[in-house]
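Chains here go by letter, A, B, C and D, matching the order in which they are written, and residues are numbered from 1 within each.
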Amino acid sequence: MGNDFSMNSVFSFAVSRKYWVLLGGFSLSLASCSKREAGVETITLTGSSTVAPLVADAAKRYEESHPAVRIEVQSGGSSRGLADAGSGVADLGMVSRALTLEEAKTLKAHRIAADGVCVILHKDNPVAELNRQQLIDIYTKKAVNWSTVGGADAPIVVANKAEGRSTLEVFLHFLGLDNADVKADVVVGENLHVINSVVSNPNTVGYVSIGTAASEAKNGTPIKLVITEGITPSMETVADGTFPITRPLNVVEDAQTSAAAAAFLQFLTSPAIHDLVEKHYFVPVP
Amino acid sequence: MSFSADSSTRTATRSGWADRAFGFAGGAAAFLTAGLFGWIVWDLIRLGWPHLSWSFFTGEVEDAGRQGGVGPLLISSVLILVCCLVPAVPLGVGCALWLSECVRRGSLTARLVTGGVDLLASVPSIVFGLFGMVFFCQKLGMGFSILSGGLTLAGMILPILVRTTLTALESLPADLRPAAAALGLTRTTSIVRILLPAAMPGIVVGVTLGIGRALSETAALLFTSGYSVRWPESIHDSGRALSVHIYDLALNVANGGPMASSTALVLLALILIINAAAVMLSERWMRRRYHPEA
Amino acid sequence: MTSSKSTTLSRSLDRVFRGVLGLLAAVSGGMVLLIVSYLVTGAWPAIEAGRLAAFFTDERWQPGSARDPQFGVVSMLVGSLLVTLLAVGLATPVGVASAVFHRFYAPPVLERWNRRMLELLIGVPAVVFGFWGLMTVVPLIVRLAPETPGQSLLAGGIVLALMILPIVTLTTQAALQAVPRAQLLAAAGLGLGRARTIWAVALPAARGGIGAGVLLSLARAIGETMAVVLVCGNIPQIPDSLFDPIRPVTSTIALEMGYATASHKALLFCAGLVLVLFTAVFVGWHSFRRQMADTGTGGA
Amino acid sequence: MNSVNDSTETESIARLSVTSLTVRYGDLVAVRDVTLAFPDGRITALVGPSGCGKSSFLHSLNRLTDLIPGCRVTGGIRLFDGTDIAHPRADVLALRRRIGIVFQRPNPFPQSIRRNFEIPLREHGWHRRDIPDKMETVLRQVGLWKEVSDRLHKSAVALSGGQQQRLCLARALALDPEVILFDEPCSALDPIASGVVEDLIHSLRDRLTVAIVTHNLAQARRIADHVAVFWHRDGAGQLIESGPAGRVLAAPSDPDAMSYLGGMRG
């Protein structure tokens, strides 16, 4: 009886027996963090959330013709792209601005497309055009009412981008301002956050990637792209270089790039993705 | 442990204006809650319903989510949930059992553990995400994977599970424990065979809440489970959760708004189904084994 | 019949089982230490560089400015605190009133459906709440106060209140459910009306549970990220009014982490650490007090 | 009745004997220095006013006092075969099987009637196939078989209070205890159910050794062979009088016992 009893006791967790099995299987699979199928080359890209969707689309196309390659695209900002490509966490980095001299010492940038940054307003805002000086006044709170720049009598709500975004850097570079000079009413992160801030408060002024703004405006979002320094922001004016606020969309590599990654980089800079670039409302590199 | 209405209190003596004022204020609050949520859900339906179709549930993500469906993401979400619950439920329930059955409530160790769990509840989800990225993805070498995401979420829902299980155990009739002891049952038997089944309804509520929390989480997954929209082949693959997809569509993809709403509807449906399944399974299991109808 | 050998075995089994439970508890309770230690590691470069003092003395937050870097985090902590208190202040009365209604006034069917709805709402992603707030609440605020940006402390408070409402309501409902029937019957037996029974008997008895729920939602609100970043305006300042924008600590981490360079990153970790410790003081104090109360009444 | 009660003092040996037992809760002394023997196959009633330590004493007999934090028991408790119950390393689980207890309020597990037997029986090593027979035997013993034989799979908490208490008794009996303790087993029941349970307890006489705490002196008179009177004295519960029921109930020698037991006649 005693023996029988002990066996019973040990195995009497019938309630949870299935659960233990599951748990066991789980810990086993956890322990075996082994590499997956051999022979498959993985390329990792991290960086700019502006560039990531384009590269993801291009990667999908590339994988179709190269079945032995797997491409992981993670966004997280240009700075992350630079850091990861430099440290080797990622094979390639995505950066939505030109590299600084310091950065260019260790990394090599390959331009895959160009983008412009444009100022946006609500569709109902009568202002249609703003020049550089007016923008400087607005972003430093010298102009606080729309009437001073030719609009209705309403306060100007200034939307600025958060620290570190390359749109911010490009825009401030154009205005010749330091971020510490900017007096914003609202600080936002993503492009669509800017656009929706303008939609939800018609007194807001903001700036975003032309691609995003054009695409949203075309689909009925009540915003408009503001004429800056007399030039209408569009893919054409970015392409011919007349629009004043532009930036390159780059993919960067360090000195030790694998052959597979180099091949993919080659693909990204080739005309084979031009249709994708245009679909994302960016301007292809000639 | 039935939650059914207590008729004696519902029909209690009404007394004039105070009673009416209470009823009115309560009714207004309930109506406000339901109304606001109705509003949100209605907005989602208005924007998202036109895009819903069978192929949306099964199709792959195309054109950054503006086209196609969310099939792979649905699978990823479920896998992340599994990776989350498998460690979290034993941890949470075990911790609660230990606190309620193995130590004195006021003791230093009990206080330390409860404090730690309460503190865990107050860690911002984005901090969980950063922690998961460094600890699971990098230190433990799991990479951006469904496993990393699930384990990160496990830490996040742990306090919910501990608290609800603890509450359920504490609200059990006090005489169950002496009854079990008097029959010479070991503590193990008493816990596994008697207390745990009796506390089951409460635990299921906790798990339900945890499921909702886990499936809706974005910030913690952004850094851990990754963005990949491929069909996941194992839990070591990177997989984008539905909530991350919603975030991406709403904030990163131009004209992603309507699809974000559709995806949100899919997520709500998934939560409804999983919750209903959890409640139903537990009820059936209880009826079969423990709680024959009264 | 039952030999002493077998009971020895079941005793050691018991010990193993208790050991396993203890281990699970240790992991659960210790996880927060792991997270904090990791935060400290991440924040170490900033702490080492002596930035911690600047955290509390600098007025502004301009970590990226080359000309005048400033690292003031106080305004963001104040922002986190204010938006959380506002949310809890808005959600608690509504949640408690609604729970009382469903417990004492509404038919049971309604209570059940309400519970289902609230459980579902816990599963609505924060970004959905945030987006809804940006597109619905913010325009309403702009209409109310046309001179303001709309994205503000008030908008953040409302959206957060909505998000924690299910937690407050559900925990209050559970606490009311746990009030012994005998107490309610005793109140009825004394001829107390329903309103007085609720006010004088049910709510005081459920106070502990409601408090725990409020604490839980407070912790949830102070850590919320994706919703507040969309509606708060994210200006690091101490607000003068409900209509001023604020920037909670979590917003800063969400906005800047992906774009931060190494030293900036350490600062953000530092901010996260400060927030966790800040919350820990609240939660720890409450948790400690509650346990004291527990042992005070629960002792034999 | 009285003839039964009177004939027992010398003929039986003690199945369970207690020497100098003291129960403390922290600084509070609940029971001080009690020495008492429970004769084999006889019913011993523990009586006394509320708060005189009867229940604490009873619970210490099968070490349920272990469950109460801060409770300390000193003194000797021995079973007939010499098993030292009070020993800190005594096999508590095995001795609880040998000494069963039925509480004031019926406390079936909130599961099916069948599982209320399966759980303890399996724990103590019964084979699964032996359980149905055992269950039927004890349910018949407590007169519950006819009432529940067709609903063994249904919840035990759906039974009436009296049925639940009989179920708890059956559950305790199923483990073949040598001693069974009752802690005011009838006080939460209606008079009819109470009568049924009382008759059941009486029917255990000769087969088992029974200790019963009761406030109902009439009940003690009806069923007890021996009576022990507890009293709160000098800040602690103490045993002030014990002996054959007939003598103690009719002519207690202690003045407090006399006034207490006198109340029953008045």
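Please note the rule applied: a residue touches a chain if its C-beta (ideal position, glycine included) is under 8 Å from a C-beta of that chain, and two chains touch if they have at least 3 such contacts.
Small disclaimer: the values here were computed from a predicted structure and weren't measured.
The chain with its Cα centroid farthest from the Cα centroid of chain A is D. Central chain assignment: B. Criterion: smallest distance from chain C-alpha mean to the mean of all protein C-alpha atoms.
In terms of their C-alpha centroids, the spacing between chain B and chain D amounts to 47 Å. With each centre defined as the average position of its C-alpha atoms, the distance from chain A to chain B rounds to 31 Å. Computed from the mean C-alpha positions, the centre of chain C lies at a distance of 51 Å from the centre of chain D. In whole angstrom, the spacing between the mean C-alpha positions of chain A and chain D is 76. Counting partners per residue, chain D has 69, 93-94, 97, 123-125 as the residues that reach two or more other chains. Residues of chain A found to touch two or more other chains are 1-2, 5, 9, 12, 49, 75-76, 189, 193. Residue numbers of chain C whose C-beta contacts span two or more other chains: 1-2, 6, 10-11, 13, 131, 254. Listed in rising order, the residues of chain B touching chain A in the complex are 63-64, 83, 86-87, 90, 140-142, 144, 147, 186, 189, 192-193, 196-197, 223, 226-229, 233-238, 250-256, 289. Interface residues of chain A facing chain C in the complex, by the touch rule stated above, are 1-3, 5-6, 9-10, 49, 75-80, 83, 154-155, 157, 162-165, 178-180, 184-189, 193, 196-197, 199-204. Residues 1, 104, 173, 175-186, 189, 193-194, 197-198, 289-294 of chain B touch chain D in their complex. The residues of chain A lying in touch with chain B in their complex are 9, 12-13, 15-16, 19, 22-23, 26, 29-30, 33, 36, 49, 52-53, 56-57, 72-76, 189-193, 211-212, 215-216, 219, 279, 281. The touching residues of chain C, counted against chain B in their complex, run 10-11, 13-14, 17-18, 20-35, 38-39, 42, 93-95, 97-98, 100-108, 111-112, 114-129, 131-132, 136, 162, 165, 169-170, 174, 177-178, 181, 184-185, 188, 191-199, 209, 212, 215-216, 218-220, 222-226, 249-250, 253-254, 257, 269, 272, 275-276, 279-280, 282-284, 286-288, 291-292, 294-295, 298-299.
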